[in-house]
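Contents: one structure, followed by commentary.
Chain IDs A, B, C, D and E follow the sequence of writing; residue 1 opens each chain.
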Amino acid sequence: MLFNNRTERYFVWVFFPLALLMPLFLEQNTFYVSKLTTVMIFAIFVMSLDYLVGRCGLITLGHAMFYGLGGYIFVMIAPEYEAVNFWVYTFYICVIAAAVALVIGFLVLRTSGIYMIMITLAFAQMTYYFFSDSLDFGGNDGVFIYVKPDTSLFGLSLFDLENPTHFYYLCLLSLFNTLFFFRLVTRSRFGRVIDSIHENPGRTTALGYNIFVFRLMAYTMASALGAYAGYLFTLQYGFVNPSMLAWTTSGSALVMSILGGIGSIYGAILGVLVYEGLHFSLEHLTEHWLLFMGALIILMVILFKNGIAGYLEKLLERR
Amino acid sequence: MNKLLEVKSLHTLYGESHVLHGVGFDVEPGQAVSLMGRNGMGKTTTLKSILGLVQPRSGNVLFNGEEITQLPTWQRMRRDIAYVPEGRGMFHNLSVKEHLQMAARPNKRGEHNWDYDRVLETFPRLQERLGNLGTQLSGGEQQMLAIGRALVTNPDLLILDEATEGLAPLIRKEIWEVIRTIKASGISTIIVDKNIKVLKELCDKHIVLVKGQVVFSDSSEGLSARLDEVESYLGV
Amino acid sequence: MTTSLFFVQLINGLQYGLLLFLIASGLTLVFGVMGILNLAHGSMYMVGAYLAWYFVQQTGSFTLSAVISAIIALLIGIVVERTLIQRLYRRNHLDQVLLTIGMIFVFNALQSILWGNDPLGVQVPDAMSAAIPLTDVVEYPVYRLFVALLCVAIAAIMYYMINRTRLGMLIRAGESNREMVECLGIDISRLYTIVFAIGVMLAAVAGVIAAPMSSIVPGMGEHVLIACFVVVVIGGMGSIKGALIGALLVGLVDTFASVLLPQLSSMMIYILMAFILLIKPQGLFSS
Amino acid sequence: DNAEPIKVGVMLPFSGIYAALGDAGRNGLKMALKEHAGELHGRQIEFIEMDTEAKPERAPEIASSLLNQHHANFIIGPVHSGVAMGMIKVLKDQDTIMIIPNAGANAATGPLCAPNIFRTSFSMWQPSYPMGQVALDSAYKRVVTMSWNYGAGRESLEGFEEAFKAGGGEIIKQIMVPFPKTEFQSYLSEIGSINPDAVFVFFAGGGAVKFVKDYDALGLKGKIPLLGSGFLTEGTTSAQGPSAEGIRTTLHYADGLDNEVNTKFRQNYQQMFGKEADIYAVQGYDAGLLIAKAVDQLGGDISDQAALIQAMESTTLLSPRGEVSFSKAHNPIQNIYLREVVDGANKVIDVPAAKLEDPARGCKL
Amino acid sequence: MNNNVILESQVILETEGLCKYWGGLKALDDISLKFHDRELHGIVGPNGAGKSTLLNLLCGHYKPTSGRIVHEGAPIDAIKPYAFARRGIGRSFQKTNIYPNATCLENCSVAVQRRMGGSFNFLRSRHRQEVLEEIATEALEKVGLLSRRNEVAAHISYGEQRQLEIAMVLATSPCVLLLDEPMAGMGHEESQLIIELLKQLKQEYCIVLVEHDMDAVFELSDKLTVMVDGQHLTTGTVDRVRDDPRVKEAYLGQGDEVY
């Protein structure tokens, strides 16, 4: 079975049906639909990071670079006032981001641990300043995307991106596919090697695996998915800003992934839901929401050994 | 005679798995005690329970008549116990010299029998490697350093897990000599090793564990008498 | 660039580097040597600056304020280590990330509640308000020289303590294998509490000392945080010498880049860091 | 219908580096609506406050929340230009009125202008353009300009440059500091070696404090005159201390403006919030004033957006900064004052531009 | 020992003037050795003689300071560490080096998979092909760990971990086995098991064995090399080496008693 852990199975069975029905409840209020869309987009991003950090042991503080690139690549390659094809551009963006990741990964994967955190940060910051200082891409203020792509595939147009509910379903589908994909990958033979490398890189080399290549592939894959999430985010409101690439974005994603349960993949969704949910509700309650947010985060680290997913597993996995 | 260490019916669990089933024995001052058993029988677990590195579910550990079962590890060690763990426990960021300097201290009675210089005398090999980091030593050198590091704390009770693992025959002999000397100076030892011949000659008392239970506990004479039985426990 | 300007910039670079070292010194200790990933380091820097401001208002004396602030920071360090950090030693390093980010939120909120959001300033103590002329126009404030000297002193003391004393060995050993240190009869947990608190205090003291030269504003902690990590990491984890040289390198490169390569100056320290880590993947002086 | 409260969404930074600006803006806004409660024809005001954290990437979402979740009639915000862009993307041509109480990006009332977007603050060009003439009048010929390298900074310098160059001045060097870096020492040393007639800068908030202190500490003060867009000394003089004394800046407001509205405004503000008002408070105040005036004109019925916009366009506000009316692009037409810091306060010394209107390049309204 | 066998079998791995210096320390100095197919070559020497260093060079873990390593006629000292294993040079470590959080079976499966391929298959389940697990199980069985098959490696005892270490090397089915003190930390029974196993294996493979357990070394070795302080002291048959006075002085000690 693909979702072989009981908690994960429950989660998938509860979350996705609920998410499918959600717009029915919220139809009157497009904001909630949009908000959930944003959450799901970010969950894709966090999931790709979770795979890198939790499964591959490649801790990066530069993942937002690809999130931002997802948007900026689109701005760079798409004509300004003409609707392009969504799928074609998804392909372009993923391929270009993967190419960038291949080059950057080739450099950063020589280091490990904290050194890798810092060197990925370095590359992300360089990209950040590149766009933030640039006059062509709106600089610090960001740029607009005026025309959203159309999503026809073989003449069949399933989603209208201008319609928030359609966009919501597109993102939900993407999220499910991402989860499904990562599950396949972690369960595969490739996944076995990745697990081994995570646990003991030296031993894996001694067994004859070229760990660099495996890491590079994982890095490239996760980066391309991160870019895809950024692309979706950009399309949601048609707005790109360099802050998408800032280290704070990477930091938030890392926080959500740890909160959700690092390495559990589906925990990414939990992490984003809980973090964003707390943020959303506290922000409305009090001006000093930061205080409560911080206190709750501290409390959760202390109480949950392996994030929220770990906590749920402790509750549900008892036979 | 009063006991230095008393271990009473220890039950230790790792999560769900019950490893020690009521292990009990005692060590008298100046005595050398061997702890034997096949792989996975609970020798290390017994030692760790004594030191508080794992907390036994039930049972007691008394040192010099004083109950120490609830104390944190460092307080137990302060009662002048020293430990050489299996796997050696080197510090990757300390040099050989620093390993010895950081650990060195007089014992409770203020005695300084073992100090930096004496360890280097005993293991001249280390003398040549003073600047190497702990993990930049050969396996045997690490073992020497681990023993030296334990000795400079001037213990009353020295606990050696896999005492001579990875040592060349000559050095192994050396180690047995050292243990003989410290025994002569009144220090007690608990030794885990597989060399039954040497242990028989060196130790006053022998304990054999099978599946977390003491199946044999007797003096060397007793061991000679029941050698076949013990050897079958050990799979020799 | 004229020679005189070159020398002025050299001094600027060194002084900035030394200041960076001062700010990063606590992190070098807590993160580099002890291996605790404390992202709230910058917050303690901020707290130091705000405390300095507050007690200068109350007492009128900068020195007194510095002493009180340092003591408060030490206490905060003890409490934080005892109640929070200590629970995480046996866990994944990443949990420390989460915990300390939570702490950043809390400190930021408290700062806003206690002291408001307006920018604040502390004046340079009168005794050190003089300046030494460097060129016709530019002069150099005595206070900044004093800070530079102080940084050198702190670097020397830290280097000696970590590398030469038994205490330093114990701390390093604790980073490598806590259990084994405990097996040598050392109360590692109390030792760690104290050293962590000292690290926190160093961060706050840096905030106090930097206060008269900078602006005290919300978010000032996050700005220095990255720079601190850059310094510690390019120097090589756990190396005081590395951190000092890393700090000076960052200071010099940043200073000269802003004048000579203004288009790249925003990226320069990252380029420097990437460059160093590509050549030496463990930093300059890692063991 | 008039029983419903008027919903005012407040989208300002209440945490992070811009929090002080957000606070002041909100204070001003609330004060204005309270003082002018009588003109609301019985309608209550309901505030919905959202912390932008000055994060542009969150701006569309928050704006959408105010628009679609809370159905705000007015949205006041933001401080940060990047956030403004994100908001405009969502709010442009919607049925809510967006009033910008600070962000000065020229584009907001330039190429991106829209019928429902108003600004009660300024465009970056506005406060610095008149300084060009001031510099020329002071016989400064060779000037170094300096600011953070971001939109607001660049546009501010451009405003100064436009007037200064037109009058024959020469910009001998333009220094762009990476945003939000506050290490100015090397730049100042360089300026010292160039020794220009004057320096014109744009910095704000904490950066402004640090800059002014460094300028003094390195001995440039008193040797090379420092000019600035007024934000250099707004809300920061107490932190800057004596280092700020004598700095001349241009802005659409000054503490000591001698008019009745201002005196009363400063007094009330001091009373309500326990601190001195600054430009950010004034801009927020004017946003409130604008709402009050428009609601009053329509007799409390704001359901017709076209009428509402018409009413807002045609009002003239009696602001603490003097009379303010709105250009076609919905940017304020206002006086720009030349101020000098005296005893920690920005005292008016001249009015280099009266009723200055932003050129609103690119706006098709 | 049968000398004819030694002469007939071919050289499979060879070092020429191999040196490894750590700063000023000559951990390995000018070592030239030949390792033959289907032969167990024992290496002994005092602690710090450079035995582990030699193995680390032979498996590509370290790069030599100078000298050459030739495998089946091809010089291999310039190739990447992982490539050594791909050429069939497998090694076990002196300091236990396993995947602590994976089960014993999984530990071996990783090793088997290297050989079986499919490591770049992203989609197919790793549990789909039983052959792989069969081979892994076989390896566990050989070292006597079958009953611990599904135990997490961190939860088995130290000695058992040493057994697992060997099982993992076997699972890669190498042609050259480099074993660094495989018996250290193992009990009698387990040691005996490994000795029996090695006796079998040496009929097929070239085995280089570093070990301080003299009984085992003497029993198993076809050829024995003694190293002292990075230098090559002597190489020969067990009997010759055992009686060499230099060896007695440097390593074994006088007298018959072996500790």
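Here is the rule we use: a residue touches a chain if its C-beta (ideal position, glycine included) is under 8 Å from a C-beta of that chain, and two chains touch if they have at least 3 such contacts.
These are the chains along with the protein names UniProt gives them: A, C = Branched-chain amino acid ABC transporter permease; B, E = ABC transporter ATP-binding protein.
Keep in mind that what you see is a predicted model, and the values were worked out from it rather than measured.
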Going from chain B to chain C via touching chains takes a minimum number of steps equal to 1
Quickly list, by label, the chains bordering both chain A and chain C.
D
State the pair with the higher C-beta contact count; candidates are B-E and A-D.
B-E
Rounded to the nearest whole Å, what is the centre-to-centre distance of chain A and chain B, using the mean of the C-alpha atoms as each centre?
51
Taking each chain's centre as its mean C-alpha position, how far apart are chain A and chain E in Å?
44
Between chain C and chain E, what is the separation of their C-alpha centroids in Å?
48
Where chain C and chain D are represented by their mean Cα positions, the distance between them in whole Å:
35
Please set out, as single numbers or ranges, the residues of chain D touching at least two other chains.
14-15, 149, 178
What positions in chain C touch 2 or more of the other chains?
108-109, 112, 266
Multi-partner residues in chain B (2 or more other chains touched) are none
Checked against the stated definition, the touching pairs are A-C, A-D, A-E, B-C, B-E, C-D
Taking the complex as given, what residues does chain C use to touch chain A?
84, 87-88, 91-92, 94-95, 97-99, 101-110, 112-113, 226, 229-230, 233-234, 237, 263, 266-267, 270-271, 273-274, 277-278, 281-283
Of chain B, residues touching chain C in the complex:
51, 53, 72-75, 77-78, 82-83, 85, 89-94, 98, 101-103, 105, 133-134, 149, 153
Which bits of chain E are touching chain B when the two form their complex?
22, 44-53, 94-96, 155-160, 163, 181, 184-192, 212, 214, 250-253, 258-259
Sites on chain D touched by chain C in the complex
14-17, 19-20, 22-23, 149, 175-178, 180-183, 185-190, 192-193, 195, 205-210, 213-214, 217-220, 223-224, 235-236, 238-242, 275
Show me the residue ranges of chain C that touch chain B in the complex, using the header's touch definition.
166, 169-170, 172-173, 175-177, 179-180, 182-188, 238, 287
